[in-house]
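Every chain is named by a letter (A, B and C) in the order it is written, and numbering of its residues begins at 1.
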Amino acid sequence: MSKENMIELRNLSFQYKDQKDGKALEKVNLTISKGEFVLVMGPSGAGKSTMAKCLNGLVPHFNRGEYSGEVIVNGFVVKDTPVSTMAKEIGLVFQDFESQLFSTNTKLEIAFGPENFQVPRDEIHSRILEMFDLVDLHGMENRQPSTLSGGQKQRLAIGSILSTYPKIVCMDEPTTDLDPLGKIGIFNIANKLHAAEDVTLIIIEHETEESLNADRLILMQEGKIILDGKPSDVLREVELMADLGIMPLQIPKYFLENFGTSKTELPLMPEEGIAKFKELGASLDEQQHQSLIQMDMDREKAYGDVLIEVSGLEHIYPNGNKALAGIDFSVRDGEFVALLGHNGSGKTTMVKHFNGLLMPTAGKVMVKGQNTKETSIFEVGQHVGYVFQNPDHQIFSDTVYEEVAFSPKIRGCDQEEIDIRVKEALAAVGMSGTEEEDPFSMTKGERQRIAVASVLSARPDVIILDEPTTGLDYREQRQMMELVKKLNRNGHTIIMITHTMWVVSEYAHKVAVIKDGKMMMYGTTREVFSHDEELAKSFLKTPDIVHMSNLLGKTVLSVDELKQCTKGV
Amino acid sequence: MEMFLYLDNDTFLHRLDPRTKMLVMLATFVVALMFYSLNTLLILSAVVLIYGLVGKTLSNLKRIRFILLMIFLFSVVLWSLTYGGEPKLLGPISLEGILYGIVIGIKFDIMIIAGMIFLSSTKVEEISLGLVKIKVPYRGAFAFATAIRMVPMIVATSYTISQAQRSRGLDLDSGNLVERAKKYIPLLIPTIISVIRGTNVFAMALESKGFGYSEDRTNYLQISIKKGDLLVIFMALVVIAISVYYRFII
Amino acid sequence: MKEIFSMWKDTKMVVLVALSAGIYAAVLIPFKGFVLIPGITEFRPASALPVVLGLLFGPAGAWGAAIGNLIGDFFGSLGIGSTFGFVGNFLFAYVPYKLWRNLGLVSKEDMEPNLKSSKQIIAYIVVSILGSAACALFIGWGLEILGMVPFAALASIITLNNSIPSIILGMPLLIVLYPRIKKWDLLWTDIIPEADVPAITAKSRTGAVVMVAFILVGLVGGLIAAVGGGQALLYSGFASTAGDALVGIIAGIGSIGVLVAGFMQ
């Protein structure tokens, strides 16, 4: 089968103007044919985004640097073609959807590209109708993009690119900032585009699980293509993926580690896993499983006093939106609770009551025995620290020291005490010795740590973390969560909002699921995660390994736990 | 305070050409500026309010009521203290001064209301297109429209940032003026950084959608001077003419 | 001066105009209720921004300050005076970055505004006061000839209201912002093509001196004439009325002179 080449990279190398170590891309050769759906994965800094920008000429026209080799897209030599001309051939969708919407009305947003290309008005009109259909935004005509949910915004951004009828669509981490429901919407569009045959689709993604639909999966590291093949083959390279810092699928990992199953035989999905499990004659050890449950119970008994007690909590925003409708909830000393639920479910509103940022419309919130209504955020903030989702929303100093010292300073500590606390907080997040560095020049993972340290320096009992792993790659996510686990072991109570299900299953002790301002499920992680179907109602999907164990009738939370419980062979 | 004023209704006012509405706004300024008579200003106020009522825009008055009230109160206070005049009521305060303050207060409030009505009934893209039609270069009009659109988003970001900093113990309400001013730094820096950080993606996304492909572009949105516009333009011009006649010729 | 027109070719500069304007307006609006002169001006911590935006983003910062102020006007000071506010706020950012380059306060090798030397700090203070004064002069003149507010009161209040935040808040802002903006390649001198960055020449240096002279002549001369004509400074000035012909002429010469001097740089 020889298809027309749509994209050709020949010996492409690029080094950014002020890049010191190595190159962003090094001698990359790649050919993509018309109609292919290619997925690109790799850790941060692997050169994925740079490669995407090379396709429409943002590199080297926009990001300057040293460029060699050649990129040919649909016959155009990209280096010699203006970006705005390339835009007709290839549409680029970015992770940050806020920065790629320019209009106050969804229809006009979709019209923007065709307007620039001087498409006749009637034609634009019909394209708008078509796009609302394609990206599934019916009923959103004439809405202001700013009033849409994250997932809808990203779909609109995709629609606004597709409306120029590009022959190639390239999406750079389109789902990273989205909740599970939002992610599904994007994958649906990808599948529709793929079915349309004449569109060539390239997606840069972290989500391993959704990669099976692609024609090809490319793994990158340090500016090079490491592996390029059929997704089902590439995904079986469990060890290679782990080495690269990409999360391997759990099912093949389990079979490889537990049974030493050969590469070609590795199952990928839970259902295949069950079949293989039975074929191998394995079973689950009841005693081992009971000991896991016993450990959960022992942990439960070891918790200390109630630190936060919420009763009948209701919150109605000034615009009349009822965000919380009667929540009863308590957190004891030493717990590690994960809050799940899609965006807009009310979970952030709920935790903002815990440190006094919001006051209940009805009901009450007691922190360490004190009603938050009768104290101030300054005082509650001593006990309950809050790490916001985006570290850039709180970092303002030009040295790490100043940033971490902000809280103790404002709380009147003397210099000696401040020094001690800064040192202690930085040690806790594994960033000792960075006092004089500039937080803004650090990676997102490091900035996230600094943000945690700057909350730790107030020595709170409880730490609230809002999506601490969003936007980090697998290795950074692991590091972040190991840090949170350590903080919990050292006596901090943790309340964490997240959408990343494997993080919850491997780290959280307890889980609360919020939907429409109500608490739908609450219990130990094992209990809650045993209910696949109920979780699905809140658009939550258990990690593969949990799902597989549920199908086998006993809930385990990680590959290691399943290995521990596996009997036979 | 919610700063995106546009109200998505379909009224006579909304359907008017943005250029017509700009002229009405300008006429309001001219008339308000020329007269110091309370009666004239009250008539002008009534006309402007009816105009706003036609577009169902007056619900936005409550969003800017604090500003309108402060401007009115300050006018009365400032002018009654400094105007002099007769008869003296208390210290430097005179009846004339108070009346003058009321006149000035109404004068400024009505100009702001006229601006509010314009923004409440005109889409950002219509403003941009209207500016292009009166020969403002497209890129300038785009920047202006984008800035208007960005304001509420920036305010929302700064609100999140202020929550993050208050969680860390920042208290904006204590200290003397200089200390308080300095407390805005933990808010201003992350706000500016967060907004400016998006510049590169913003510009890349623009070029990726063909911004700059050609000097000319299609306008999906269409504006045109229709019969209703002609009527309103005619009335605005008559009002300006009559005002000029009374103010300068009689 | 040609860069203020040629910059529009560059998408990044267009975006920076929009974002600068958005930030300026967003910080202006919440304080619109803190009225200083009803319908004219208010307590403005946002005044810290134009100088900083001008030094970092050059012409984009100047357009941003002008547009941002106009948007802010919709929330408390809209009117014919807004046209003068537009130009005045343009100057508030434009004058500082022009004088920074051309007045010789900082050496050619150390021109990027990092505020790391005492020389740069002094230069920053000087250009922010002159930028504030240029803005005050132009707006004061405009509203004087429109007969709205007496020059002596308005120009003195705006000068203070602009320069105090520019110095107290603007300096720490610039110190932290500069390295980030530099790192993201967003300094205006890094964005626009080298050929479009105006060279520092004898003519541009003369232009800078002329600019300072006109700012001082216009503002100080205007104030002297106004006080001579019976106006008083600051709030006492409201007891008099605007419309003094001599003040209008002197402040007018200063204002037009500043614009002309802008063309020389």
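Assume a contact is a pair of C-beta atoms (placed from the backbone, for glycine too) under 8 Å apart; a residue touches a chain by one contact, two chains touch by 3 or more.
Keep in mind the model is a prediction, meaning the values are calculated, not measured.
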*Where the centre means the average of the CA atoms, what chain is farthest from chain A?*
C
*Chain pair with more C-beta contacts, A-C versus A-B*: A-B
*Length of the line joining the C-alpha centres of chain B and chain C, rounded to whole Å*: 21
*Taking each chain's centre as its mean C-alpha position, how far apart are chain A and chain B in Å?*
40
*How big is the gap, in whole Å, between where the Cα atoms of chain A centre and where those of chain C centre?*
44
_Two-or-more-chain contact residues of chain A, please, as numbers and ranges._
396, 440
*What parts of chain C, by residue number, touch at least two of the other chains?*
176, 180, 185
*Do you know which chain B residues sit against two or more other chains?*
146, 149, 153, 185, 189, 193, 197-198, 200, 202-203, 206-207, 211-212
*Can you list the residues on chain A that touch chain B in the complex?*
53, 56, 58, 62, 82-85, 87-88, 91-92, 94, 96, 98-100, 102-105, 107-108, 111-121, 124-125, 128, 142, 144, 146, 160-161, 164, 352, 355, 357, 377-378, 381, 385-386, 388, 390, 392-396, 406-407, 410-411, 440, 454-455, 458
*Give every residue of chain B touching chain A within the complex, in rising order.*
4, 6, 8, 123-125, 146, 149, 152-153, 157, 160-161, 163-171, 185-186, 189-190, 193-194, 197-198, 200-214, 216-222
*What part of chain B is in contact with chain C in the complex they form?*
1, 3, 29-30, 32-33, 64, 66-67, 70-72, 74-75, 78-79, 82-84, 104-105, 107-109, 111-112, 114-116, 119, 137, 139-140, 142-144, 146-151, 153-155, 158, 178, 181-182, 184-185, 188-189, 191-193, 195-200, 202-203, 206-207, 211-212
*Complex contact set, residues of chain C against chain B*: 8, 11-12, 14-19, 21-23, 25-27, 29-30, 32-35, 37-39, 45, 48, 63-64, 67-68, 70-71, 73-80, 146, 148, 165, 168-169, 172-173, 176-177, 180-181, 184-186, 235-236, 238-239
*In the complex with chain A, residue positions of chain C that touch it*: 175-176, 179-180, 183, 185
